[in-house]
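Let me begin by handing over the structure; questions about it come next.
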Amino acid sequence: MTVRFGLLGAGRIGKVHAKAIGSNARAELVAVADAFEQAATDLSAAYGCEVRTIDEIESAGDIDAVIICTPTDTHADLIERFARAGKAIFCEKPIDLDVKRVEECLAVVRQTKATLMVGFNRRFDPHFAAVRKAIDDGAIGDVEMVTITSRDPGAPPAEYITRSGGIFRDMTIHDFDMARFLLGEEPVSVAAHASVLVDKKIGELGDYDSVSVILSTASGKQCVISNSRRATYGYDQRIEVHGSKGMVAAENQRAVSIEIANGNGYTRPPLHDFFMTRYTEAYANEIAAFIDGIATGTQAAPSGEDGLIALALADAALRSVKEGKTITV
Amino acid sequence: MTVRFGLLGAGRIGKVHAKAIGSNARAELVAVADAFEQAATDLSAAYGCEVRTIDEIESAGDIDAVIICTPTDTHADLIERFARAGKAIFCEKPIDLDVKRVEECLAVVRQTKATLMVGFNRRFDPHFAAVRKAIDDGAIGDVEMVTITSRDPGAPPAEYITRSGGIFRDMTIHDFDMARFLLGEEPVSVAAHASVLVDKKIGELGDYDSVSVILSTASGKQCVISNSRRATYGYDQRIEVHGSKGMVAAENQRAVSIEIANGNGYTRPPLHDFFMTRYTEAYANEIAAFIDGIATGTQAAPSGEDGLIALALADAALRSVKEGKTITV
Amino acid sequence: MTVRFGLLGAGRIGKVHAKAIGSNARAELVAVADAFEQAATDLSAAYGCEVRTIDEIESAGDIDAVIICTPTDTHADLIERFARAGKAIFCEKPIDLDVKRVEECLAVVRQTKATLMVGFNRRFDPHFAAVRKAIDDGAIGDVEMVTITSRDPGAPPAEYITRSGGIFRDMTIHDFDMARFLLGEEPVSVAAHASVLVDKKIGELGDYDSVSVILSTASGKQCVISNSRRATYGYDQRIEVHGSKGMVAAENQRAVSIEIANGNGYTRPPLHDFFMTRYTEAYANEIAAFIDGIATGTQAAPSGEDGLIALALADAALRSVKEGKTITV
Amino acid sequence: MTVRFGLLGAGRIGKVHAKAIGSNARAELVAVADAFEQAATDLSAAYGCEVRTIDEIESAGDIDAVIICTPTDTHADLIERFARAGKAIFCEKPIDLDVKRVEECLAVVRQTKATLMVGFNRRFDPHFAAVRKAIDDGAIGDVEMVTITSRDPGAPPAEYITRSGGIFRDMTIHDFDMARFLLGEEPVSVAAHASVLVDKKIGELGDYDSVSVILSTASGKQCVISNSRRATYGYDQRIEVHGSKGMVAAENQRAVSIEIANGNGYTRPPLHDFFMTRYTEAYANEIAAFIDGIATGTQAAPSGEDGLIALALADAALRSVKEGKTITV
């Protein structure tokens, strides 16, 4: 079976998915749509697909599934439209920045029995997936405490911050999903601290650039998340999971693993400096899982509900900072 | 100059200090006192010193300084006695489990102008000291976020827990001191979560065995602490400090650094399994710093005030858990 | 410019190259030939190309270049045929097991001014290439001593050994090429030791499975090579280069970089267990370099002469073992 | 039992042994002798022992054992004298630079049934000892191939080179002993290459500063040794042992294990820069083993014969370089 794709949005992340589809033997990229015609035309030339409007993709008989990579404020509307059109839907996170809007949207998805997968790509990173597999294999016994370190190489520009929904909904949301993926139990409380240490402008826009979060579950499992919009040494992405019988950790990744030694010591190169090079395999695996879900008629995780819960945790973290107390979710 | 020592307490930690004194060219162990005479006799035989009573040591003309390694509930009284007797005092942490009692005790120390150093040995670990030196040298710019991982190989027995003052005052207190040592600014808020995941008996005694803490300073610097009374792979003691220009981290330590590879993978031995083997050098360096302080007439850190502040942070962490809110200190 | 390829040989390594061509935007796989028609048909189906005979590829107007992946004893003949046919030629190593035959073949290449590149894929591994780049950038000063460790996960079957030309011409030849790539000077002497430690059958066939080699250059630079047909922990491929100002090393590679810690210690997974997974990127980069050479009209290294010199070093190593002396080349 | 020591030679290595004796509860340093009276006096003051002449130590009733740390050309004579005087003897390597002289000396040792241990300290390094223990425990099956890397931080002065006996007898001799310690079988052939890459003066004195050696045993086990008088990044001391079931390796050692990360990458400090800091524990363990041997009446390895065989291998390596052939021993 070949899944025939329509791609909505030909920007940075759209290209990542176009490439993943192009190198997947079970997928075919049929058409791309973008408000900026040049972007759509360029992508269509590079990946050998047609340029169509969103309306045309919606009504197309030769398209089975769509990838939504448009701006965040269009996600919920597009999910509803394509759910009603009977297409399988892969949507970049977040579904929306507002929990109520997400809930409405998911009601439509349930009603239409549409397939919806949300783009928490990190679950598909081979290293993080191997951590999860080690847990599932019983290598560390019962999970007790999780530590997630996620630090961006640098702060995004002001216009990005403005539309991002804030660091918890934009950046930490990935870690909330990872925490749920690894804890094996829903977080029931959130305590967070946030400050501006990297870029004053971020503070002026009402956002933070440095945050620490403690999540806990009903049985007392804990997860600590450490985020910063700065990491001079590259894209710092680590997890470690402590259990009753041991610990499993995923190390950072770099493009080349050489080491140079001299009088200053032993130096290894900086880490990947961009999420797209760091998570290249994750994006390919993610699309493959989406196709698997369609092919086997099963719901591929992470689902719309996974997207909703991560967003609710982000909202709780923000409240915890504002109110100076642990928030129960 | 040789500093002549009286040792109060011939137990486990007393022996560690006796050994440190024995191998320090500027120190002489003159006498040991212990409520259990056999313990004192054994130590005196092993290290070639006299057995004396505490009273005899207090009034001795041939003793310059004392090391207090007796049970915690005797610390404050002994500090006051030996401060009045004009001896330099090194006291194992904590001074007392009650902040008010510590404050009274420190008032006596100030009044008598006694030298008092508190045993936060980890500041003297060569690896952690090198982390601090890297910060002081400007290697990472301004400190922004600290992560401290401290996990014991196993839970202590019930009788220990009962007298310990609880995990925050017994175990995390070391990390509170380390946080202050590295942040370079006083923490002003504490948010903590605690649960019982390792040993139910600990919970029955009203204590916790697994805790996560977020500290923050006035300028927004953050520190995350992760503690557990369980680490099947040894004594897990790591710190990492992120700054505006880079990151510095101290790795775990093991007795031998070999690696065995076979079809199961590449395996390195577990970590040190005990604080005394892990911190052997730290204990020796700590006593050397105490002697330096006496020799130069300067106050060796960590001082009684450092002990007080760490205890206050422990109290705040406990309140944060009980009240579900961030505590301002 | 798009380079149009004919692939000669649809076996294991043929598929690797078909895949590399398929994912290279400047390459098109036009046709495949194989003595086993089913192999050719399968590959043509998988990669969307035609099945043709070698004769048809030789005379085809729509083919610019060929990849020779046929059995070793056909390489020299095919190189000569396609050199005369005016095609650019990429040939898997070795050109032939006999130095004289290689020399004849290269004479034809020179005479026809054909483009010939030999498949020493390891030069194109990103990690090894980064080692070379560090040298070229002056990071370690003048190269002095090179250590190459190359250990196969397991011994090949008897029929492979029989046709391989022996371990020096089959396996060590890669390391001879790597030594030349890194030393920056031609080896002038070879001392080798060889024995049978892994599989007695290999010895019965007159070959060895464990070898150590010392190469030296005119100015005294040295290279040590350690080879074995056994490595229970995976495909062990390491290089380190010591220079007047420092050292650069490339570490081993594994599919996932996680670590599990428990009472047995800290365990990382075994290495890649196969040359094709270990050198996936190298194969893609190699074909890209071949295309670059065609596109720019320059000779892409490693050339036919590089293939010849590596073979001559293999012959010298074998003589050194047989005669118990250092061989001058 | 306390072993009462006389120390012959109060130089650099003499002090190392004085310190090891001082911190060993079963040892007492009674007297020191040195041709330079000031050296003896200083050491006696530092370690609280008498200054005596060699004659006095030889005839002393209160001395059980001697440590010979005098210049190499006095070793054999002193061993013979103290063997006849009935003292247990620990002698720094080498016994002599001449195999015949060593053989004569060992004949006296045998005849007098004296206890003689030779100072190949590296066998007592905890990391290398753990490698040997892993082999003895069967962790890697049958030993097949050993790789020893030993690189000095810098070249010694000319006067040292002149009296050293050359790099093979001075430096590689440690690796020959380590090879025998790990191979579990005697080497029967030696192939070596040597050149001058670090310091021309060393060449002018007829010595080499960079050597590669291949040893092999009767059953075909192999050992590769790589030596240089230069390592800008510290004292490089590594071993790896490959067996039929796996591999065991000992990593390099550094004083502090921190890592600093920034835009240049991740940097760990250089290695120990001196053999005395690198092998502090080894020296203490070595003396402890010597005392054990005396206490239990057993011969502590490495014996005089171990010293002889390592020297014979050094001679063979030099011949291999000079004659350009593999030398059978």
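Order of writing sets the labels: A, B, C and D. Residues in every chain begin at 1.
In this section, a contact is a pair of C-beta atoms (placed from the backbone, for glycine too) under 8 Å apart; a residue touches a chain by one contact, two chains touch by 3 or more.
Being a predicted model, the structure only gives us computed values, none of them experimental.
Contact tally for B-D versus C-D: the pair with more C-beta pairs in contact is C-D. Of all chains, the one whose Cα centroid sits at the greatest distance from that of chain D is A. If you average the Cα atoms of chain C and of chain D, the two centres end up 41 Å apart.
Across the assembly, chain B contributes residues 232-233, 245-247, 261-263, 269 that each touch 2 or more other chains. Partner chain B is touched in their complex by these residues of chain C: 232-233, 261-270.
Residues of chain D that touch chain B in their complex: 23, 126-127, 130-131, 134, 139-140, 245-251, 253, 255-263, 269. Interface residues of chain D facing chain C in the complex, by the touch rule stated above, are 144-145, 147, 149, 151, 189, 191-193, 195-198, 210-214, 216, 219-222, 224, 226, 228, 230-233, 236, 242, 244-247, 324-326.
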